[in-house]
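Following this line, the structures themselves.
Next come two complexes, and both contain subunit A; in the first it sits with subunit B, in the second with subunit C.
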Partner chain A sequence: MAFSNVNAYKSTKLRFKMKFSFFSSLSIPLIFILLFLVILPFLFILFYSFINVRNNKIYLTIENFSRFLSNPDFYKVLGLSLYYALICTILCIILAYPFAYFMAKCSPKVRNIVNMFITLPMWTNLLLRVVAWKQLLDEGGIISTALHALGYGKTTLLGTDLAVILVMVYIYLPFMILPIYTQLLKIENNLKEASKDLGASSFKTFCKVTFPLSIPGVISGFTMVFLPAATTLVIPKYMSDGNPKYTFIGQMIESYFINADNRYAGSAIAVILTIVIIVTSFIVNRLDRTNVTDKNPKKKSTIVVGSEEDRASYEKQ
Partner chain B sequence: MKKNKLLFLSSLVFSLLPSTTSCGSYDLVVFNWGEYMDMDRLRQFEKERGVKVNYLTFDSNENLLAKLENTYFDICFPSDYAVEELVSKDMIQPLDYSKIPNFNLETSLVPSLKSALDTLKKPTLGKEGFDMLKYAIPYTWGEVGILYDRTKISDEEIEKDGWEALRNPINQDGSKRKVVMYDSARDIFSVALIANGKDIVDISSDDINIAKDWLSEQKKRIGNNLAYKTEEILDDMPNLKYDICFTYIGDAIYSMTSVEDDSGEIDYDRFGFYIPPMKDGGKTRTNIYVDAISLAKNSTHTELAYDFINYMQEHDVAYDNSLYNGYTSPINTIYEEITSENSEYEDGEGSFYPIASTYQIKANENDKFYRYDQKLKTSLEEAWIEVKIS
Partner chain C sequence: MKSNRRYHHKRKFSIFYYFYIPLIMLFFYLPIIIIIIFSFNEGTSLVRWTNFSFHWYEELFKDRIIMEAVQTTVIVALLATAISTVIGTFGAIGIATYKRKRATNLILSINNLPLITPDIVTAVALSVLFAGFSMKSGFQTMLLAHIAFCTPYVIISVYPKMASMDKNLIEAAMDLGATSRSAVFKVIIPELLPSILSGAIMAFTMSFDDFIISYFVGGNTMNISTYIYASFKKAKPTVNALMTIIFLVLMVLVFLSTLLSMKSKGESMKRRKTHEKK
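The block that comes next holds the complex of A and B.
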C-alpha cells in the first residue's frame, strides 16, 4: 500500500512538471498577491511586534507582548471576542446546516435561485447593512417598536447581546451555508443508496454517511465565520450603542494603530490573536476525519473509499 | 444646522466613493468640518468671482491631518492644536494680514479670546509659546462644559457637584442617570484631568493615572447606563436619549435649539449648560478651543485663497456662518450683534435670545488650550484604551 502511494505521488509530480509551461504560469499573479499582500505584510507585523522606537533608535524588545500578557483586562477582551465569535459560529452552524441540506436536495433550478438569494445581501456594502440594522433595532425602529408593543423590554435593542449576535449571525450566515452546501452536493448518491441497500434507515444513513462526509464543509464554514467574527470591527461599533462592554479585540488593534499611533503594540496584539486563531483552527481541523492523510490508517471505522489494494484483497475473499 | 439620519447615511455612502480632490477643474480646494458653513454664502462667492470651489468635509482633526498629508488643498479649518501640528509639519504658511483688510489683528477679535491667545504665545512650563494668529484666523471658538437635562438634573446639583455630576448614578427623580461621554482620548481626559484639579498642558504620568482611575470609577458607578460615542451625541442629546454629557458650547447650542416639547415647539428651557468653576488649588478651569482658517504652504492659488479668507471675514458672511453652525463667532462685532435681543434666527427675530447667554463665552485666564504633543497624545490614547477595556 505504501508503495502504491509513492507511485501516485510521483505521477502527480510528473504531471505538474509537464503542465508547468502554460497553465501554471496563470498562477503567477496569485503568487505575487500572496507574497505582497499576505506574506510580506505579515512579516512586517511580526517584525514590528518585536521592536520599539525610543529617541529615534530602534530597540529589539518583548515589551510589546509582556505589556498585554501581564494585563488581566487584555485576556478579558480577548476572551470576550472569542466567546462572541464562538456563539455566532455555533448559531450559524445550527441555522445553516438544515438549510444547506434541503437546498442540496432541491432541483438545480431552485438551487440556483436560492443561491442567488443567499448571496444577494453581499451585493450591498457591509457597513450599509450594519447601519440599516442599527436603524431597525434602535428606538423607533420596526423591530424594537414591535417588541415594545408586545410588552417586551427596553425601547432600543442596541447595546444588548441580542443585537450584537443577531447582526453577526446575519452577516456571516452565507459564509457558513455555502461551504456546507457545496460539500453536500459533492456526496455521491451511490453512497447513500448503498447504505440504504444494506438496510440502514434514512436517519442512520444521514448519521453514518451524509454527516461525516459533510464535515469538511462545516469546518471550512467554521473558519470562514469564526475568523472574521473574532476580529469584527464594524458590528460592535454600531451595535454597542456606545456600551464599553462591547469593546472587542479588533477595535483594540485599531485604537493602537490609528489613535495611539503605536503600531508596535498594535502588531503585538495582532500576532497574539493570530496565534490563538491558528491554534483554534488546528484543533478544529483535527475534527475532520475524512481529511486523514493515511499515515496511520485506522481500522476502517469510517467509510473510506477503498484503495486498489483493498479492493483486490476484498475480491479475493 | 439640522442634521438628520438621512444626511448621516448619505454621507456614509459618499464617504465610500473615492475622493475627487485630484480633479484638476477646481480653482480652490477647501477642507472644512461638516455642517460648518452656510453653503449659500459659498455659492455666492463662486458666482461673484466666477470660480469653482471644491468643498470637502472632515469629522475630526486626526481625520483632517491624515487627509492633508496626501491631498492637495488651499484652505483648511483645523483646531488650535492641529494648527500647531500643521506648522510643525511645515504644511501651512504664515498669513499676510495686509491681504485680509476685513480683519484687524488688534481690534477684530473678542477681547477675552484675544487675551487667551496672547497667553498661548507665552512660554509655559518648559513649553514654547505658540503664536496661532501668525498662521491662522479664528473662525469659531468655544469651551467645554456640561450639558444636562433640567427635568432630570437640577441646576443646584450641577452648581454644587460640577464635573462630579457626570459620575452620579441617580437623578433627582430617582431614575438611573444616563451618561454619554465623547469617545476621544483628548476630550475625555481633559475633563477627567480638570475634574481632578490638574492641568491639561503639563501632564505627568501620575496625573494620567488619577484621570484613569476617575474614569474607571465612573464606569463602575454608572454601569450599563454609560456610553462612549462620537458625533452621534449631537443627535442623541436632543432626542433625549441621555441625561447629561460634556460638550463644546456650539454643540450644546445645537441641542438646545433642536429639542422639542410635547407640542412640537422648541423647548429652550429643557437643557442647561454650565462650566464648573476651577477647583480650589486647581490649574485649569476648562478647555478652550479655536477652529481657525489656515492657508496651505504649497497652495498654487494664493491670491484667490486670500480673497476667500477675506470674504469669510465680511460682516454678513461671518454673521450668517455663525448662525448657521451655532458656534460662537470670534469677531467682536458679530459676537455682540448675535447676542443682542434683535438677532435673526430660524424662528424669526429675537428667537436666538433665549440661548444667547450660552453663546456668550466668558473666558478667563484659567481656560487653557490643548497643545500639540505627540508623546502625550500616544500616552493619553493608550490610557484611554485601558480605561475602555477595564
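The block that comes next holds the complex of A and C.
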C-alpha cells in the first residue's frame, strides 16, 4: 500500500516535472532575442571599437580610443555633457521635491488626476515637445518676444544656457517627480505620527523622518534624469542654434556614426560613455546604501530602493 | 487630535499647497497649449493671431512624406508591440518556472541591460550589429530593433506577476486534466492579463515615441520622430498640427485608462471592504 503510494507520488512528480519543462521551453524565443539583439550587439560595439579598416584590411588597434583619450576637446565635450546634466538634475530635484511632497499629501483622487497630468506630456513625442519649445524661444516666439519687450536684449533665446537648461528641466522633470512621489507614498504615516507624539515639530519630523526615508526616491530620480540628460542628442541640437559651444557627447557619437560614417570611432565613444555611466551609477548606488542602511539598519525591509524595474515602470506608468 | 493635526499641517503649507502644483502644471502645459492654439492660426506666426483656419491640417494630410512617416510609426509600433508582447509573456512564464533560480536571475539581469544603458548606446550597438551582418537598414532593421527594446518592458511588467502567482493554480488545473497548453491559455494568461496589457501599452508608447534607435537603425525609413529631425531646418506649422492631433488622441486614451484604473481600484477596494465585513 505504502509502496504504491510512493510510486504514484513519484509518477505525478515526474509528470509535473515534464510539464514544467514544457513551461520552461516557452522562454526559448525570449532567450533567442536576448542573445541576438541584446548581448550580441554589445559584443559587436566592443569588437568594433578595437578594429579599423584600411585598404580593405581589418586590423586590431587601440587607435579609436587613443584618438579620443589624448584629445582635450573630447574631455571638454564629455565634461560639458556631464556638467549640464548635473545642473539639470539638481534643478529637477529642487523643483520636483516640493511637488512630489504636496502630491503625496493630496487625496487619492486628486493624486490620480495629477499623476495623469504628469504622464500626459511625458507620453507626447519628445521631438514634438522640443520643436514646440524651439518655436517659442526662437525669434518671433512668444517667450523671446515677451522678454524682448521687457528689455532683455536678444531676439532669440536659442544658443543660451537658459534655453538648454530650461528645456532639459522641462523634459526630465516628470522622471524626478514620480520616483520621489512613490517613495513618499511608501513612508508609513505611523512613523511621522510617532515622531510628532514624541514631541518633534513638523519641521523636525520632516528633517529627521520624512526626508531621510525619501532619499531612495531622490536617488532613483537622479539616475533617471542624469543619465538620459547627459546622453541627450535632441535637446542640445535644437536649442544650441548651431552654437558649437553646446556640442554634447550624443552629438559627437552622431557626427562620427551618421555624418562621417566612421563606425569604429563611434563605437569607441559609446564604449567610453558606457564605462563613465557604469562608474557614475556605481557611485550613486554607493551613496544610496550609505544613506539608507547605515542610518536605519533595521528599517531596511520597509524601504524599497528604486531599481531598474522601477525606472522603467515610472517611465511609462 | 488627529484631525486637528492634519488641519494644522494643511494651514502651514496652504500658500505653497495651492500654488505650487498648478504652477508646475502651467510649466508643463503652457508650451503645449500655445502650440495647439496657434496650430489653428492661418499665418506662420506664433505671436500674432491672424485668422482661424484648418489650413495647416489640410497641408498635413496632403504631405505625403509625413503621412508615410505616420504610417511607418503606427505599423512598426503595432507589430513590435504584438511580437514583443507574445515573446515577453511566454518568456516570463518560461523563466518563472525554471528550476534554477540562478538561471532566472541571469536572464532577468540580461533583460535589464537595455533598460539601464542609455538609448544612444543601444542604438549604436544595434546599428553596428546590423551593419556587421550587412543587413540593409530600413523597415526590417527598425522593426527588429523595436522588438529588441520593447520585449524587456513586457518582461518587467509580466514577470513579477507570474513569479508571485500561486503555482497551485497550475497544478490544480493539471490535476483536473488540463494539458500544459490549455493550462497556459486558460489559467495562466487570463490570470496575467492586466500586467500583459500594461506591458503592451508600455511597449507601444516606447516604440511610438522612439527617436534615437530608429534614427541610427532606420536608414531611409522614417518614423514621426526621425522625420521631424530630418526636417530640422525647415520646421513648418504642419508639425504643430501633427502635435495637436497626437496630443488630443493621447489625452483621450490616458484619460480613459485613468478612469478605468480608478474604477477598478475603487471596485476592488469595495470588494475588499465587504469581504472584511463578512
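In this text, the second predicted complex is superposed on the first by the 249 of 317 C-alpha atoms of A that agree within 3 Å, B and C clash if a C-alpha of one lies under 4 Å from a C-alpha of the other, contacts with A are read in each partner's own complex, and residues count from 1 in each chain.
The rule is short, and it goes like this: a contact is a pair of C-beta atoms (placed from the backbone, for glycine too) under 8 Å apart; a residue touches a chain by one contact, two chains touch by 3 or more.
From a predicted model like this one, the values you see are computed outputs, not experimental measurements.
Student: On the A-aligned overlay, A:P29 touches which partner chain: subunit B = first, subunit C = second, or both, or neither?
Tutor: Touch status of A:P29: second partner only.
Student: Check whether A:A265 is in contact with subunit B, with subunit C, with both or with neither, and answer first, second, both or neither.
Tutor: Only subunit B is touched by A:A265; subunit C is not.
Student: Tell me which partner touches more residues of subunit A in the superposed arrangement, subunit B or subunit C.
Tutor: After superposing on chain A, more of subunit A is contacted by C.
Student: Give one of first, second, both or neither to describe whether A:N243 is in contact with subunit B, with subunit C, with both, or with none.
Tutor: A:N243 contacts subunit B only, not subunit C.
Student: By the touch definition at the top of the document, which applies to A:D73: first (subunit B), second (subunit C), both, or neither?
Tutor: Only subunit B is touched by A:D73; subunit C is not.
Student: For A:S255, using the defined touch cut-off, is the partner it touches subunit B, subunit C, both, or neither? Pick first, second, both or neither.
Tutor: first
Student: Considering only touches as defined above, state whether A:Q135 meets subunit B (first), subunit C (second), both or neither.
Tutor: So A:Q135 meets both subunit B and subunit C here.
Student: Output check: A:P98 vs subunit B and subunit C. Expected answer is one of first, second, both, neither. What do you get?
Tutor: second
Student: Should A:L127 be classified as contacting the first partner (subunit B), the second (subunit C), both, or neither?
Tutor: Both partners.
Student: Same subunit A residues contacting subunit B and subunit C, which ones?
Tutor: On subunit A, the overlap between the subunit B and subunit C contacts is residues 125, 127-128, 131, 135, 258.
Student: Where on subunit A does subunit B make contact in their complex?
Tutor: Going through subunit A, the ones touching subunit B are 71, 73-74, 76-77, 125, 127-128, 131, 135, 139, 156, 159, 241-245, 247, 252, 255-256, 258-262, 265.
Student: Within the complex, which stretch of subunit B touches subunit A?
Tutor: Going by the criterion above, the answer is residues 5, 9, 12-13, 16, 62, 180, 183, 185, 219, 224, 226-229, 232, 239, 241, 374, 377-378, 381-382, 384-386, 388-390.
Student: In the complex of these two chains, what residues of subunit C are touching subunit A?
Tutor: Residues 5, 8-9, 12-13, 16-17, 20-21, 24-25, 27-29, 31-32, 34-35, 45-47, 87-88, 90-95, 97-99, 107, 110-122, 124-129, 131-132, 144-145, 147-148, 151-153, 155-157, 160, 171, 174, 180, 183-184, 201-202, 205-206, 208-209, 211-212, 215-216, 224-225, 228-229, 232, 235, 239-240, 242-243, 246-247, 250-251, 254-255, 258, 261-262.
Student: Spell out the residues on subunit A that touch subunit C in their complex, using ranges where they run on.
Tutor: 16, 19-20, 22-31, 33-34, 37-42, 44-45, 48, 95, 98-99, 102-103, 105, 109, 112-121, 123-129, 131-136, 140-142, 145, 170, 173-174, 193, 196, 202, 227-228, 230-231, 233-234, 237-238, 250, 253, 257-258, 263, 266-267, 270, 273-274, 277, 281, 308-309, 311-313, 315-316
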